[in-house]
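Taking it in order: structure first as structure tokens, then the write-up.
To keep things simple, chains are lettered A, B and C as they appear, and every chain counts its residues starting from 1.
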Amino acid sequence: MTHAAELPAWAAWCVALLLLLGAGITLIGSLGMLRLDGFYQRAHAPTLGTTLGTAFICGASMLCFSLLASRPLLHEVLILGFVTITTPVTLMLLVRAALFRDTAEGHIDDIVRRAKQTPGDEELR
Amino acid sequence: MTRLLPFPLISLCLLAMWLWLSQSLSLGPILLGSLFALMGGWLLRLLQSDADRVRNPSAIIQLAGLVLIDVIRSNIAVGSIILGGQRNNITSGFVDIPLDLRSRQGLAVLACIITSTPGTLWVNFTRETGVLQLHVLDLVDESEWVERIKGRYERRLLEIFE
Amino acid sequence: MSSVVLTWSVVIAQMMLAVAMACAAYRMLVGPRAQDRVLGLDTLYVNAMLMMLTVGIRTGSDVYFEAALVIALLGFVGTVALAKFLMRGEVIE
């Protein structure tokens, strides 16, 4: 890391903080892959990494390279925009595929019934 | 003019972004960027987009700020669910939300917002009935979510796109 | 002082991302169902992309940015294709 010394002190602290925050949020999200139960709960886990995790790490990278080159380099905005646009598509397709498979195998009923349940038919279950 | 440049504002933004990303103002990048800007406009016309008919810029800024706050807040909420011990007590489930929004751009933006706030997932939208199906990680009160999506996001998206 | 902090925080961030990748890989290998595996693969791609950006900061070379962009693109296309396969291919394992 020879270039680390070229960064001003405040920038090094900022890059370090952004990196740790981003990596930590991504780690928490991926821990959710282990700790949450069932596919539909786990499908929420990667969105932590694709929102704030990506935003912080892209911010750290932008800050670092902009200062090293001493001009604003915003290439990471491409990654951030791309990830924001594509995550809804992938997760929507995956959840729909999972719903389709569960319906075909017949064990979706309790999932949907719990969601559709109105306060009146609580005792029916 | 309108045939060559159906969306002048978007084409100009594309050219500006291309020049910024290539970090130069010489002839080559300007020519290539103009080509991509023109092609971007034609592509949008092929998709029969009404993207240029965006109004109410103050609502856009308001919505962007709101979404930023919500993203941070729900990141913290989902993070604490994952790390906390109460993960077995949460109930997650599907919520049906009747929407008034029909504009395709508005729905696309709504899908991005809903997926970018962890804890909610866009599952299905039926155009005929206008019902949006969501999956919510921590579902306490269904009507609260209907209120939240309709009141916070849909109202402003209707102002912007319709 | 500050460059030492940066060096160490990059190392720690890389270790955290490596653990995150391991979690995603566990879900991909263990399942239990095919959609869980695809979800694990998608998470693995996102984490690998972030790892590439971190490696880029560590080495100070912007080559890794392009690698990260390629990983993001491939992850999107791959996951969409696999989700489509889950819908249209075999229905019951």
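Here is the rule we go by: contacts are C-beta pairs under 8 Å (C-beta built on N, C-alpha and C of every residue); 3 or more make two chains touch, one makes a residue touch a chain.
Keep in mind that what you see is a predicted model, and the values were worked out from it rather than measured.
**Q** Would you mind checking which chain's mean C-alpha position lies nearest the centre of all protein C-alpha atoms?
**A** Most central by this criterion: A.
**Q** Between A-B and A-C, which chain pair shares more contacting C-beta pairs?
**A** Between A-C and A-B, contacts are more numerous in A-C.
**Q** Take the average of all CA coordinates in chain B, do the same for chain C, and state the distance between these two points in whole angstrom.
**A** Whole-Å distance between the two chain centres: 24.
**Q** Whole-Å distance, chain A centre to chain B centre, using C-alpha means?
**A** Taking the mean C-alpha position of each chain, the two centres sit 16 Å apart.
**Q** Just how far, in Å, is the C-alpha centre of chain C from the one of chain A?
**A** Roughly 11 Å separates the two chain centres.
**Q** Counting only residues that touch at least 2 other chains, which ones in chain C make the list?
**A** In chain C, no residue touches two or more other chains.
**Q** Among the residues of chain A, which ones contact at least 2 other chains?
**A** If we look for residues of chain A contacting two or more partner chains, we find 29, 31, 43, 45, 50, 73, 75, 78, 96.
**Q** Which of the residues in chain A end up touching chain C in this complex?
**A** The touching residues are 1-5, 7-9, 12-13, 15-17, 19-20, 22-24, 26-27, 29-31, 33-34, 39, 42-43, 45-46, 49-50, 53-54, 57-58, 60-61, 64-65, 68, 73, 75-76, 78-79, 82-83, 86, 89-90, 93-94, 96-98, 100-101, 104-105.
**Q** Write out the stretch or stretches of chain C touching chain A in their complex.
**A** By the definition above, chain C touches chain A via 1-3, 5-10, 12-14, 16-17, 19-21, 23-24, 26-27, 33-36, 38-40, 42-43, 46-47, 49-50, 53-54, 56-58, 60, 62, 65, 68-69, 72-73, 76, 79-80, 83-84, 86-87, 91-92.
**Q** Touching chain A in the complex: which residues of chain B?
**A** 20-21, 23, 71-72, 75, 78-79, 82-83, 87-88, 90-96, 111-112, 114-124, 135, 137, 139
**Q** Considering the complex alone, what residue numbers of chain A touch chain B?
**A** 25, 28-29, 31-32, 35-37, 40-41, 43-45, 47-48, 50-52, 71, 73-75, 78, 84-85, 87-88, 91-92, 95-96, 99, 111-112, 114-116
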